[in-house]
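A short write-up of the structure that comes next.
Going in written order, the chains are labelled A, B and C, and every chain counts its residues from 1.
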């Protein structure tokens, strides 16, 4: 295991710096209309209303970066909570079916009742993800605790397959909405605007604060359900509360930018390598790492077949899937 | 000698568990392989049944290397009852026992009348004839063990290699099994079996082979092998040897 | 059990064959179907050119996928194993998409061979990652992880080279739509694998008893495993090349069949082909008639039936 043992504060500082640099790069790189690095900075604090480049930065790039940061932090926090609740190193929104469930909910509502609008589809995504997650937990017998890691993952995979099939069926039957749903399914930051940002940030802040509050309890869960109960943890409430937080975090992220996979799987492990096993420390680290990862892959996704864009989700999947295999191989299941 | 090992080393993943063993199995006898856990008795048995390939040395069957003989032909000479078996789904007892005839059947596995006679015989002898139409997966551990034994017997080979055949059986079935082995032995079969119960081995077997840490410590008739010093050396047990009041065989009593 | 089940299965199959010819966007009465086979009749195009090859294809593909599943489950002794769970179908899909996007002008009849190479590589990859000593669930998860990897590569390729994205998408959902006599003739040579598979029935019974017993009964366990996996990969690849990955069929069909006729492969293998054919015919019929004239891919129908079955299996596996 690689451990870079900077003190905690130093790690935080380094990650914040890294995040700022990535965001800055993301603001000016790969644009059809040339943007200089200085344009990007000027647009932030001293906007020149005449410059098209600075308008692009302010109206398109900035909300995109901010949303990318929030999405990354949300998904990483959700991954940490899920892995803590299930004590399963493979737990994450994409592996355990939440993404697929949310996609199904969203596809169903937007094709059957499109007049519900953004709020309706967000709600549908959260409800769909919640139902899928409940099914996976029940079928994978994760409520009972114990070491049934493989079963939980396979249950997640089967639920994902089922939801994916139903989603495709819905898309095909309700053809007219298909294009929108398909772009959304791939998980892309292309359509991130200030409007999305406005409805996203309150939920994001509540979710992340909640995650920090639950972190000490997650430490106790590492000792096993029985020991945690001995130490006065109410398992029932922790698991319900944790699940609710996960849904809030994942649901808000998914309804803003679509199903971005593998962040929740990848980042908690990286964070553990950096900050050790204490949730109070590696949870904030994970949030910052997640933000860095999403901003970075969004930047790459714009550049890789420039001038066309690939969804950031596809880039993340390419990085994430080999890591998933590595985890399966390394861990004894 | 029909079955013998020459300077045989076998093991798993490059680690030899049986080390340079020279052994000749005496023909027409019941032979027990004894020794503490992990001494290599099951590994030796598996090597003799060509389940494991030697890392060094050879196993000979009638003077020829075991791995050079056609596997179907060998399956008509040697049968092995492994220590643990999977629980096959959707297989009836009579089907499983009939699988024992496969070294003799054609490519589609059709059972002819002679095969059927043998199958019925072994099912009667092992006391599972009334279970014939049940599914193997629905039986108890002891019943299942007898079904597997019947399958091995249906192979109708002059040599039988059994790896702890009494596992899961209650005491009366254990005794029945040992009597059955004696009966088969009288019909001319050579039987090599791994046993845990030293007294059972001394009472029912003609020849004992004692192993420790992959090597053969001693072998011979129960009277000569079963001594207090051997028990101390191999099993780290302080025990006395008495005579079994009924069978007149040696019997160890732990102090 | 077997003697009762077989005639029922055969009758069901015949009934479904007929139903697939009769129903669809337009219903054609039974009498006119026979007329439809003659050139020049009113329904000639619908029956002879459209529904007949598609029905035969559904029957064959269903049978082959089910057979492949039975072979894989037979040698791996894992109820959760099947070509699609082990990532073989996705491997075939990846190779095919790769081929279509980088050689857009190449001959389409090479597709089965390309898919075969892809699924072989996927099988080797799994073998390399898991080795022989992995637990069943670990193997299944590794397969699933590999499938996820291939799926993301497919997505990526389609996004980077969006040449014939619609064609590829249609093909990747696993559908019988638009398949005709041409595709059927491409599949025919692969039917030769079926007798070889049946020839393995007896040793497959014995490998079911564990490697030790099987070897002691005169079976060469490793060779058998290689042979049946190779046949299974060949069957899967040829089907995937023509219809795309039709999920869960190779998993569900052998299971259902084992419940119906027991575990002897001499009966299991032929019956599972019947069950597979029935399931795919049913799925395709439903896919065509659920909301005409829109068609759902048959692969979606099989996933909707198959995924819950998989979950149920998972609950039962200790």
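The definition used in the following text is that contacts are C-beta pairs under 8 Å (C-beta built on N, C-alpha and C of every residue); 3 or more make two chains touch, one makes a residue touch a chain.
Chain labels with UniProt names: A, C = Iron complex transport system permease protein; B = Iron complex transport system ATP-binding protein.
Fair warning: this is a prediction, and the values are worked out from it, not measured in the lab.
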| item | value |
| --- | --- |
| Chain contact graph, described as a line, ring, star, complete graph or other shape | line |
| Chain occupying the middle, per Cα centroid | C |
| Centre-of-Cα separation between subunit C and subunit B, whole angstrom | 43 |
| Length of the line joining the C-alpha centres of subunit A and subunit B, rounded to whole Å | 58 |
| Subunit A-subunit C separation of Cα centroids, rounded to whole Å | 35 |
| Residue ranges of subunit C touching subunit A (in the complex, touch as defined) | 80, 129, 135, 137-138, 140-142, 144-146, 148-149, 151-153, 155-156, 159-160, 173, 247-248, 291, 294-297, 299-300, 303-304, 306-308, 310-311, 314-315, 317 |
| Residue numbers on subunit A that touch subunit C, as the complex places them | 90, 139-140, 150-151, 153-155, 157-159, 161-162, 164-166, 168-169, 172-173, 175, 186, 304-305, 310-311, 314-315, 317-318, 320-322, 324-325, 328-329, 333 |
| Footprint of subunit C on subunit B - complex, ascending | 46, 49-51, 71-76, 78-82, 84-86, 88-92, 95-96, 99-100, 102-103, 105, 107-109, 148, 151-152, 155, 161 |
| Sites on subunit C touched by subunit B in the complex | 77, 79, 199, 201-202, 205-206, 208-213, 215-220, 258-259, 262-264, 266, 268 |
